[in-house]
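Note that the chains take the letters A, B, C, D, E and F in the order they are written out, and that residue 1 is the start of every chain.
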Amino acid sequence: MALVELYLVTIITERLLRDEILEKMTELGAKGFTLTEATGEGSRGIRASDWEGKNVKIETVVSEEVGNSIIDFIAESYFENYAVITYSHPVNVVRGDKYI
Amino acid sequence: MALVELYLVTIITERLLRDEILEKMTELGAKGFTLTEATGEGSRGIRASDWEGKNVKIETVVSEEVGNSIIDFIAESYFENYAVITYSHPVNVVRGDKYI
Amino acid sequence: MALVELYLVTIITERLLRDEILEKMTELGAKGFTLTEATGEGSRGIRASDWEGKNVKIETVVSEEVGNSIIDFIAESYFENYAVITYSHPVNVVRGDKYI
Amino acid sequence: MDSLLSNFASPVVLAFVLGIVAKVVKSDLEIPRTIYQGISIYLLLAIGLKGGVELSKTPFNEFFLPAGITLFLGVLTPLIAFAVLKYIGKMDLTNSAAVAAHYGSVSVVTFIASVSYLEAQGENPEGFMPTLVAILEIPGIIVALLIPQIANKNGGSFKKALHEVITGSSIVLLLGGLIIGYIAGPVKFESVSPFFVSGFQGALVIFLLELGMVTAKRLQDLRKVGFFLVGFGILIPIFHGVLAIWLGLMAGLSIAGAAVLAAMVSSGSYIAAPAAVRIALPKASPTLYLTASLGITFPFNIALGIPLYYVIAQWLGG
Amino acid sequence: MDSLLSNFASPVVLAFVLGIVAKVVKSDLEIPRTIYQGISIYLLLAIGLKGGVELSKTPFNEFFLPAGITLFLGVLTPLIAFAVLKYIGKMDLTNSAAVAAHYGSVSVVTFIASVSYLEAQGENPEGFMPTLVAILEIPGIIVALLIPQIANKNGGSFKKALHEVITGSSIVLLLGGLIIGYIAGPVKFESVSPFFVSGFQGALVIFLLELGMVTAKRLQDLRKVGFFLVGFGILIPIFHGVLAIWLGLMAGLSIAGAAVLAAMVSSGSYIAAPAAVRIALPKASPTLYLTASLGITFPFNIALGIPLYYVIAQWLGG
Amino acid sequence: MDSLLSNFASPVVLAFVLGIVAKVVKSDLEIPRTIYQGISIYLLLAIGLKGGVELSKTPFNEFFLPAGITLFLGVLTPLIAFAVLKYIGKMDLTNSAAVAAHYGSVSVVTFIASVSYLEAQGENPEGFMPTLVAILEIPGIIVALLIPQIANKNGGSFKKALHEVITGSSIVLLLGGLIIGYIAGPVKFESVSPFFVSGFQGALVIFLLELGMVTAKRLQDLRKVGFFLVGFGILIPIFHGVLAIWLGLMAGLSIAGAAVLAAMVSSGSYIAAPAAVRIALPKASPTLYLTASLGITFPFNIALGIPLYYVIAQWLGG
């Protein structure tokens, strides 16, 4: 089975931002995404799960280029005012060309 | 603490296939697995969460060999007709010999 | 956007241990964490989800040093008697200095 | 006309409309999936229990003929649907069978809505009707899935699909409830009756709110499926409904009972059938069968079909 | 005094206290989030439905003046709150507007608790009060969010926040329920009434158990927010409450109705407002606005405010 | 015999059987975990509330002796169980203590089922019985966990386990409900009574459906635990039950009350105890203690034990 090396970009953030981020991600070239409910704690005073609803974990398998533009967008738009963490790492994807 | 390098294989697919995949995975040599509920969107018209129930994310820590045979099985059996994405990457596992 | 290479440590274990582990993790230097509900099966006879409640998946982005001390703590404290799997791998984190 | 307007003013139908509106205005309203599952377990168990209690009071010979008719319709309607789809609609064999499986089975919510509607009209359909739902649920799916099986064109696992549909949660709850109700009988049922009977209509309101939201998403796919399927999703139910009324009345059902049977037979399944079809016929398009049964036939029946069947039953049986 | 003690012995208030105690002793008690969401959907729909049915029985001219007064208070109270926060409390513009938005809107649970309390006192507030809740929910948030908008200092998206608050699930359920209840009317409502009316008080017990636990976590933030906000969270509700009683009585409300209006107007939103504020004013501190509305004003109103408004209403209207 | 058959025809027991059957036929039926948690919160709060209301009507001297007896049984039964396991069953100290902790505590569902059963028989057990459940829940676990503590062989944290069991959600809800019901009294309880009383039996049906499914999975472990534990799981409950009936009658309980006390005392905990044991005795095998209390004793009590205790109570107390 041919494996392609792509990037898995993970964004964990407030649920409120979900739809906005997904829309933008698609615009920037992501071909799909997976969402998981999560809770968590970080540098902000309030645990995300306390009142405003759970965090959401967004994962998307993308090319390095698309990944970088998504990361840039998140960093510029949300880092200052919202609870968010973003990271990425390479993964070997089956039929990876589908996601480029 | 001795860390062993193994592979984390991730399969995100329709809930319907869960039991079948888990059974086969065990057969192919996986010593355990972790399941998470997820939703998502991909190349197929219908969002997996819409009606047929949520997606399921299956993660298993395995040796490279077992990982490859699981990936091959998934690709051959489900790629054509079902919603599924599969990827893997190396991880450092504590007491990794337990999972080989 | 400046990416810093850090480690993502993942711990999947019985829900019962959650608060204890989170407390200790913070003590050892983790600056945040994300929790997801999960179920799973491993070497222990009883599926974690059967009766005692679901498993919990704890993910934390930390420096290699902090990561190692967390891994050591988990291995020493829980491996013998509790259902637990722990692994880590490097990730590229946006504004990574926040998590060191 | 009057009975139609009255249907539109019922809280259950209005909740369905509210669900559609909520999605149209892009509200963030969301019925959590587990709440939805909980209510659906409750509703299935409740109609099973009530049906079982009623069945324990019904003489066998009163029940025998309607049961036979229902089984017959369960075998006939998927064949009709298949023929129309394949030979008039020119759909391929797999998709024709997939859609036909849905119309051979039954939508439990449509059944419940029809009973609610008729009771609101002062009617009193036979108490054993839930038993007929259980009889109708499975055979139609099997018949339809057998077609590609025979044509050797399935690609999926017929055996697994069979297991899925027979042990599916809706059948287990419905049949289990029926048996529990039958064994317990009216006296022992009394203690659980406030929970399962009084709360029923209200729980249905929340359930239909959710179904409205799900339907709204389906409605967006309408243009993808084409005119033929839209027509099919309205005309076939009417045809099956009239057939059911006619045979139901002949089998001795009351006018109300015949109208409820029509709602059942005309409806398309969207719980048992999709799961079975996904397994047995993975190549069939979910967009086609879900849009037909959930996006077209279900709202048609809820809003217009049920009052229509009642009018026709009155006319044929009056 | 007597009516205060009686309030403390009500299951609903006691459940709230139990929730706080559970968190204080670090119990692992947890109401699953989806159960909490389910109950909250149920409660909102239920008061909407009941309100709609009552509204269908109310002559327009009886309802007109109270509705106008409510709208007026919805515009006035956030301005008062803003002025106090900014000019007496010396809070910055963004946070002042953020907190003010909460006090311009309404806490539905406080409303429900006040109705329960008054009914337990043998009173009978006007049936159309839920309509006033719907009227009060939105304008205050908009007015408060307009302030930084005008000052060009928002940093977030006012338009998105507007959409969020108007199509938010609480408004959809409340307004949707009102309309359904209004169209269905008393007769058609009967079938769903056991579910939505009889179960209401009990469901409220579980809801307040959860709210007690949430409030307990908020209480830990009390020292972070400073004395001024604590005083604000108690005195502003009293001021707004007295205003509401006075205007409510003038508009023809009964004593009980005026007390309920006071509870509504004095309360701070913690569902609709936080979501809207988070979008429109991302720089505002959630610790400030959530602690004020949920950690201070909500428990104050539940325990002391509601009986107080009743006493004042009796005194002014007697 | 007759009362046994009658037990088997009750909807609650039949739902339990349906749950087992559903798993045996590998149905995909699943009660979502949060629904299960929600119902369990509801049931615990409901019996607490009802018990508290009843307690507020009970003179202290009527309640004093049964309470003392219950406490005594809570201390005695884990010691009996431990001795049997260690010295007859030759089980190691840790596992003996672990299993004993379960039999020292109480299964709330068994308690509820016994009350339902007796009420269906036209009996009327004392209203303060839920208070006895609260008294019985904790001491037995502590006593059993103290054994390895004294023998210095625990390996876990006794202190943490103690906190876990005392602040565990079942105790908080049960005790909290008792106190709320006691303070509120019969009059104020009336408003929440439709929710907590009328719905109770029905909610229990769904709860036992789930417990049936959980038990079915446990039954697969039966062969792993060996004959001794199977015998233990049936004979010890009978022995404890007879003891409870005898002491209960002496303490002035009615025949029905003594039978309910027997069901409580004989039952093995499977909520509070497992959590505490997992923390205090991590080396103990969950397969042993969960299979014994949930796979053997629970179904035995539900199906046969409860009617048996009733017969014995009639015989000893008649």
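In this text, contacts are C-beta pairs under 8 Å (C-beta built on N, C-alpha and C of every residue); 3 or more make two chains touch, one makes a residue touch a chain.
All values derive from a computational prediction rather than experimental measurement.
Novice: Which number of steps is the smallest that gets you from chain A over to chain F via touching chains?
Specialist: The fewest touching-chain steps linking chain A to chain F number 2.
Novice: Give me the chains shared as neighbours by chain A and chain B.
Specialist: Output, common partners of chain A and chain B: C.
Novice: From the mean C-alpha coordinate of chain A to that of chain D, what's the distance rounded to whole Å?
Specialist: 40
Novice: Using CA atom averages as chain centres, what separation in Å is found between chain C and chain D?
Specialist: 47
Novice: What is the distance in Å between the mean C-alpha positions of chain A and chain C?
Specialist: Comparing mean C-alpha positions, chain C is 20 Å from chain A.
Novice: If a residue has to touch 2 or more other chains to count, which residues of chain C qualify?
Specialist: Touching at least two other chains: 36-37, 89.
Novice: Please set out, as single numbers or ranges, the residues of chain D touching at least two other chains.
Specialist: Touching at least two other chains: 32-35, 38, 194, 198-199.
Novice: Looking at the whole structure, which two-chain pairs count as touching?
Specialist: Every touching chain pair, ordered by label, is A-B, A-C, A-E, B-C, B-D, C-F, D-E, D-F, E-F.
Novice: Which of the residues in chain D end up touching chain F in this complex?
Specialist: Those residues of chain D that touch chain F are 32-35, 37-38, 41-42, 45, 49, 163-164, 167-169, 172-173, 176, 179-181, 183-185, 188-189, 191-196, 198-199.
Novice: Taking the complex as given, what residues does chain E use to touch chain A?
Specialist: Residues 33, 155-156, 214, 217, 221, 224, 270, 274-275, 278-279, 282-283, 285-287, 290, 294.
Novice: For chain C, which residues are in contact with chain B within the complex?
Specialist: Touch list, chain C to chain B: 10, 12, 36-43, 55, 57, 68, 71-72, 74-75, 79, 85-89.
Novice: Where on chain B does chain C make contact in their complex?
Specialist: Residues 1, 3, 6, 8, 31-37, 61, 89-95, 98-99.
Novice: If you look only at chain E, which of its residues touch chain F in the complex?
Specialist: 9-12, 14-15, 18, 21-22, 25-35, 38, 116, 119-120, 194, 198-206, 209
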